[in-house]
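Heads up, the thing below is written out as structure tokens.
Labels run A, B and C following the written order; every chain starts at residue 1.
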Amino acid sequence: MKLALALVVVLVAARPAAALVVTDMLARDVALAAPPTRILSLVPSVTESIYALGGQARLVGRTDWCDYPPAAREKPSVGGMINPSIEMIVALKPDLVIATDEGNREETTVQLGRLGIPTYLVHAHRVDQMLDMVTRVAGLVDRREAAGPLVASIRGRIDAIRARVAPLAPPRVLYVLWPEPLIVPGRASHLTELIELAGGRSITAGEGESYVRFSLEAAVARAPEVIVLADHSASGTAAGRQSPEKWQRLTSVPAIKAGRLHSIDLSILHRYGPRVADGLELLARIIHPEAFR
Amino acid sequence: MTDRRRLAWALGALMVLLLAFVVAALFVGSAALSPGAVMRALAGRAERESVEAIVTLGLRLPRVLVAVLAGGALAVAGVAFQGLTRNPLAEPSVLGVTSGAAFGVVLAQILGLGAGVADAVAVAAFAFGGALLAAVSVYLIALSPGGLAVQTLLLAGVIVGIFFSSAITVVISIVDFNRLGGVIHWLLGNLAPVPAGSLALFAALAAAGFALILRSARELNLLALGEEAALQLGVDAERLKRRVFLAAALLTGTVVAFTGPIGFVGLIVPHVLRGVVGQDNRLLVPTALVGGGAFLLAADTLARNIVAPAELSVGVITAFCGAPFFVWVLRGRSVRPA
Amino acid sequence: MSALVEFRDVGFAYPRPERRRAQRFAFDAVSFAVEAGEIFGVIGPNSAGKTSLLRLLTRVLTPARGDIRLDGRSIAALAHWELARQIAVVPQEAARPFPFTVEQLVMMGRFPHAPGRFFESTEDAAVARGAMAATGTLPLAALPLEELSGGERQRAMLARALAQEPRLLVLDEPTSHLDLRYQAETAELLRRLNRERGVTILLVSHDLNLAAELCDRLLLLHEGRVAKAGTPAEVLEQSLLERVFGARVVVDKTASGRPSVQLDWAAERR
């Protein structure tokens, strides 16, 4: 018994010598024995990036929420983002796990570290961080050559959209993440930047941190000219769809008078991955339809 | 002073207080309307689609009405539970009934029921079902031959409350993880302007619950003698208990269906009123209706102005008041010689 | 004289033992009558069924067999509130917690007379005050019941029963928690009520001497059956008592001519 115990201790404590050290997006040093060939992604946007880069051969696992592109569903899932099954992760024998500091728990990273599985953390709040993330992921899956063109194409599309809307006056936009209670994006939310890139000005851009529980009457008083409702229903339940009736009654609001009340699919806009340009275009078409005729 | 006279005085004073709060609530808010603008809107002289008209008449006024209704309903439900259990600590949130109702609402939403008036009936029905389930569970857990002991009742309430709260989280995270953030906010209580049709429904359901409890107020007093003694005086104790139970669950469920779970109103308001009008339920029930409305309105006005333009949940305010209050009442009971 | 209360061949059994080791209790063929205007006592050992008898009388329990009549009418035909207008029960102890005042308590006794009312009428208030006056509790009217002494509480509960304006007043162990002074007061009060208001009194007591002093007739219960019914002198007979209570006793006479029962300490010691 004692021998077995000693053996276990030795095995757990022993770590392969680091052949490679990379720095992740939170400035942590991640030591790897060799360039990773079995990568497990706990982040939907990272999964999307890996497929967009053509590096899916090295992807051994994903989460339930990593559902784009559809081909990704063929990879085994380890559960949710908050509570992935550590056992399943271990069973897939990854040599690197990619996680984010928003959406995955720190505890998961710590647990994996104890088990000798290195974790690479990504953090993307703004477009440039997101593009940086794509480049880094390309390095991890050894598809560096694909990074350049992908990033360029995304950036190109974003710049094109910006160019289209730049000459137009930015309308006041209210983005409704959740209607009751009213929850809106604040200063640090990536949505605020997206709205700005799409040629609008979020009326809640200066509030709080990421997401703020906001007063409906203050929103009304700020007279938004466009209202965007985040549609949660893509995840399957009808309950996620916001009902426009509640907003139609607010007839003093310019957006309602002009009939500019729109829905947008949450799943595209709230993931900060390669489809960010798609999301941005959807948003821009809502905010500046005249620029896209 | 006779009972009737005391009731009239108390009700009069509370109505004045309520009116003052209503006026205050209409004039303050994060839309920064001038008092003149508000008055114009109230007098009907503001342009129909102006900011002041929309905010005052379309947002603040309905919200005020919801707060008054919800507060009154919760306070009366508190009086009812306290009369049934002969325990001043019993109230919908302490007994886990509010959590049960919230679970009912979440279930209804998962099944696709939305916010329209027709759906509102169904949501209220689910909430009522959840409230009833929780109330019955607490009652059965806490029942013993000696009656409902304080400690057992409170513990049962805590357990049932935790159970339903966990159930809510589980259901949401399995079915629709994206909604979890929004639901968690809702779970702290959400007084929002409700459309006129739904408001009428809310008022009708609350009125039904209130009427049932008011009718039973005299017999509830007699229940304090003990069920056997009450029976010997001619009170049909079983039917009385059932009636009051159902009515209290109806009130709780209705409020939660429209405003999300808000706690402690049924604890604070009846307790304060007992100091003013005494223990007689015939006086407590009507005064709780008005007093509860005033209290919740005041709490909500605070909640929506204290960090403007952001908002606090009204449930946060009532909990901050309620928790120390709970301790105070609890200690008051145990200090008195048994 | 007509019987006010009649038990005719009443049988009853609790569905299962209340305490696991207790025997299954049953009433068996119990028959007796209480005459209008008398003071009637029910005595017997602890598990003889005295409390069950009260519960059967007030329809808290329903007999399995037999009939209970009030003034010739079967009580099964009466609603609880109708019964409450005729029979008032003074329980052994006040319920706890009880947050009301004495006056509010006494007013509760008016419920059976107008159960549909919301507030009591001025007539009700007058009757309540009369009941409080008769029991000497008028000065205590505004006090919370829980602040009173044991004797005062007892009198307040008696006032509530009187406010029901009953024909039959039932008392469950009226002096079990009272000290000597209050025992005497209670006994005197009951006698006075019986004499002046003509209220028939039925009291259940394990205090044999109180029962002997106060009651016109006694009913001795033993294991759910009637052991003896009659005057105190007839019922409180030495060999009968020894059989029923399982203890050696000595029966004497008090100054008023009533029997007085004492444990035979000398025999017990032997």
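To be clear about the criterion, a residue touches a chain if its C-beta (ideal position, glycine included) is under 8 Å from a C-beta of that chain, and two chains touch if they have at least 3 such contacts.
What you are looking at is a predicted structure, and each value in this text was computed from that prediction instead of being measured.
Peer 1: If every chain is a node and each touching pair gets an edge, what shape is that graph: line, ring, star, complete or other?
Peer 2: line
Peer 1: Taking the mean of each chain's Cα atoms, which chain ends up nearest the overall Cα mean?
Peer 2: Of the chains present, the most centrally placed is B.
Peer 1: Can you tell me which chain pair comes out on top for contact count?
Peer 2: Most contacting pair of chains: A-B.
Peer 1: Please work out the Cα centroid separation of subunit A and subunit C, and write it as a whole number of Å.
Peer 2: Roughly 79 Å, centre to centre.
Peer 1: Could you grab the centroid distance between subunit A and subunit B? Build each centroid from C-alpha atoms only and quote it in angstrom.
Peer 2: Each chain's C-alpha centroid was found; their separation is 40 Å.
Peer 1: Would you mind pulling out the distance in Å between where the CA atoms of subunit B average out and where those of subunit C do?
Peer 2: 44
Peer 1: Can you check the complex and tell me which residues of subunit C touch subunit B?
Peer 2: 55, 58-60, 79-85, 87-89, 91, 95-100, 104, 108-109, 111-112, 115, 117-119, 146, 164
Peer 1: Name, in rising order, each residue of subunit B that touches subunit A in their complex.
Peer 2: 29-33, 48-51, 53-55, 58-60, 109-116, 173, 175-179, 181-182, 185-186, 190, 192-193, 195, 304, 308-313
Peer 1: Given the complex with subunit B, which residues does subunit A contribute to the contact?
Peer 2: 65, 80, 82, 177-178, 180-183, 207-208, 211-221, 223, 232, 235-241, 243, 245-246, 249-253, 257, 266, 270
Peer 1: Going by the contact rule set out above, which residues of subunit B touch subunit C in the complex?
Peer 2: Residues 3-4, 86, 217-219, 221-222, 224-226, 228-229, 231-236, 279-280, 282, 336, 338.
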